Amino acid sequence: MSALLDLWTVVLVSAGAVFYLAGTVGLLRFPDALTRLHALTKADNLGLGLVVLGLVPQVGGVIIGIKLVAVWLLVMVSGACVAQLIARLVRHGSDPAP
Amino acid sequence: MTLLFDAALVVVLLGLAAWVVLARNAFAAVAAFIAYGLLLTLAWLQLHGIDIALTEAAIGGGLTGALLIGAVIRLRTAPPAAPATSMTLALAAIAAATTTAVLAACVLALPDPAPTLAPLVADNIAVTGVENAITAVLLAFRSMDTLLEAIVLLFALVGAWSLGADSAWPGRPGFAQSAPPNGILAYLARILPPIGLVIGVYIFWTGADNPGGKFQGATILAAIWLLTMAAGLTDAPRVGSRWLRAALVAGPLGFIAVGVFGSYSAGAFLALPPEAAKPLILAIEIALMPTLTLILALLLPGPPQRTSS
Amino acid sequence: MAEFLTGAACFILLVVAVGLVRLLRGPGDADRLMAVQLLGTGSIALVLLIGVVSASPALIDVALTLALLAAFAGVALVRASTTRRPPDNSQ
Amino acid sequence: MNDTLLYGLTACALIGLGVFGLIANPAPLRKILAFNIAGSGVFLLAGAVARRGAAAGFGGDPVLQALLITGIVVAFSATALAVALVLRLNAVTGDVTLAEPPAEPTDDND
């Protein structure tokens, strides 16, 4: 059972790390601000989400596990809102060098 | 493996610090400074200072970033200052290199075994009734420092307010903010405050026994209040308002009252009688919390700017 | 397991650090802020990983604080860039 | 090379960088940033010293760590006051420096 949980952690944390890599590659390679924003939100939501889900079996406590997931939910809410705000800023040209 | 992580962290920290100092674009420097603050939080964790990491996360990740971004954008229209002459640059380089060299020599010469007060704290912490050693130090063993800190914060706010123009006195700090009531910002400012209130009070409350405490909790509450101000849902209070001024001095006065009580009951100013140590520590924390929240939040919008609404 | 998680932490730190190149290059404020945002999310993951490795659940509170305040830099930028200030007559 | 030595030496380098920026960079806001870098270097140095003092079941000397928390909060309040001063100076004079303006503007600081 514990080996299975460890496998779960290894697979999900690795997958999360890959999404961080994808986020960085997108942030560096995509041509304009809006597409870069698209890459960033993947790292926000999926990268952190997979890491959190991977870590849940390792913390040994339901309350702590719930707090872990709460961290992810908070990041998703604020990440989504900030992405919208930044996108509007970019589109309405308030940014000096779009 | 951990040392590898430390080494990578240190390299990125130094790179970001160099960028903050050397970048040509002021906004880029501020953005790098925010990133630097985030990584500093990780450095504190690696140095086993969880309480410090929590403080850095709350202040560096929230308040300082917002303060500096607001300032750098307002200063964008200002004419650039005259660039430093090569003489100044050379002097700066010499001063920096000397400082670093002397300090590095001191670090390499640190005594071994290191002097520490940890055993002393471990021996006496039971008297205070709290389990978090940091809280015990802040509110029992070195409470004079904490009292003076609260007063310094109050002075900083008074200093910032005193920069306001006469015509704006006693008005509200900052500029009037408005946002579309159904927009994203207003949405965020309605979703986060209840959660932030719970987290802030939790961090404050758990501080007696676990990492956390009034500074971290107050910073979180201040940040949440600022968010609602940014979305136009609330407005900063008038600096002349009586309740505001009363709340600002309530914390330090409560602290001093406990101190005076100590000089009667335990023989010295700020001494805590052992049988009542924990309730008194809690009393100080509860008295300081609203004051700290108000000061930390109102330091951001700065001096009063407008007398109407 | 600790070895693997520390290795993952190293990997994520390096990856988001490389993302900081966007902070150097810009060109807009929004691009620079996005690099900071990625680093912020990365630090939350790192705090959680370090917390599990060192078996100290209190670190989750640090991650919770970072997550709660993750939106602040973005909100400050949008607010400062879009606020039309009244002419300053306070001289 | 142990971790306290690594962080201690990093702190020294950060203080040096901060001192350099404080003297070399003419823009006041950048001086504030540089001062904060130097300040955080001082904190980190104290943090490394505190970590060396780990004993009696604590991960670091709790007295020093508690004082660091005080330091970080006070540093924030000082930064806020400094920023308020610069903004007020800019609002009153339209400029950000107390020095005489340069003969012709340069685009050093965009």
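Chains here go by letter, A, B, C and D, matching the order in which they are written, and residues are numbered from 1 within each.
By definition in this document, contacts are C-beta pairs under 8 Å (C-beta built on N, C-alpha and C of every residue); 3 or more make two chains touch, one makes a residue touch a chain.
Labels paired with UniProt names: A = Monovalent cation/H(+) antiporter subunit G; C = Multiple resistance and pH regulation protein F; D = Na+/H+ antiporter subunit C.
This structure is a prediction, so every number in the text was calculated from the model and none was measured.
Student: Averaging each chain's C-alpha atoms to get its centre, pick out the one most distant from chain D.
Tutor: A
Student: Between B-C and B-D, which chain pair shares more contacting C-beta pairs?
Tutor: B-D
Student: Need the CA-centroid distance for the pair chain A / chain D, whole Å please.
Tutor: 31
Student: For chain B and chain C, let me know how many angstrom lie between their CA-based centres, rounded off.
Tutor: Here chain B and chain C have centroids separated by 18 Å.
Student: Taking the mean of the C-alpha atoms as each chain's centre, how many Å separate chain B from chain D?
Tutor: Taking the average C-alpha coordinate of chain B and of chain D, the gap between them is 13 Å.
Student: Can you compute the centre-to-centre distance for chain C and chain D, using the mean CA position of each chain? Integer Å is fine.
Tutor: That gives a centre separation of 20 Å.
Student: Could you check chain A for residues that touch two or more other chains and list them?
Tutor: Chain A, residues with two or more chain partners: 74, 78, 81, 85, 88, 96.
Student: If a residue has to touch 2 or more other chains to count, which residues of chain B qualify?
Tutor: In chain B, 2, 25, 46, 50, 63, 74, 185, 188, 192, 195 touch at least two other chains.
Student: How about chain C: which of its residues touch chain A in the complex?
Tutor: Touch list, chain C to chain A: 1, 4-5, 8, 11-12, 15-16, 18-19, 21-22, 26-31, 33-35, 37-38, 41-42, 44-45, 48-49, 52, 57, 60-61, 63-64, 67-68, 70-71, 74-75, 77-78, 81-82.
Student: Name, in rising order, each residue of chain C that touches chain B in their complex.
Tutor: Contact set of chain C toward chain B: 3, 6-7, 9-10, 13-14, 17, 20, 23-24, 26, 29, 32-33, 35-36, 39-40, 43, 46-47, 50, 56, 58-59, 61-62, 64-66, 68-73, 75-81, 83, 85-86, 89-91.
Student: Considering only the defined contacts, which chain A positions touch chain B in the complex?
Tutor: Residues of chain A touching chain B: 74, 77-78, 81, 84-85, 88, 96.
Student: Show me the residue ranges of chain B that touch chain D in the complex, using the header's touch definition.
Tutor: Contact set of chain B toward chain D: 2-3, 6-7, 10, 13-14, 17-18, 20-22, 24-26, 29-30, 33, 36, 40, 43-44, 46-52, 55-56, 59, 63-64, 67-68, 71-72, 74-75, 78-84, 88-89, 91-93, 95-97, 99-100, 103-104, 107-108, 110, 114-119, 121-122, 133-134, 136-138, 141-142, 145-146, 149, 152-153, 156-157, 159-160, 163, 213, 215, 219, 295-296, 299-300, 302-303.
Student: If we count contacts the way the header does, which residues on chain D are in touch with chain B in the complex?
Tutor: Chain D reaches chain B through residues 1, 3-30, 33-34, 36-37, 40, 43-45, 47-70, 72-74, 76-81, 83-88, 90, 94-97, 99, 101-102, 105-110.
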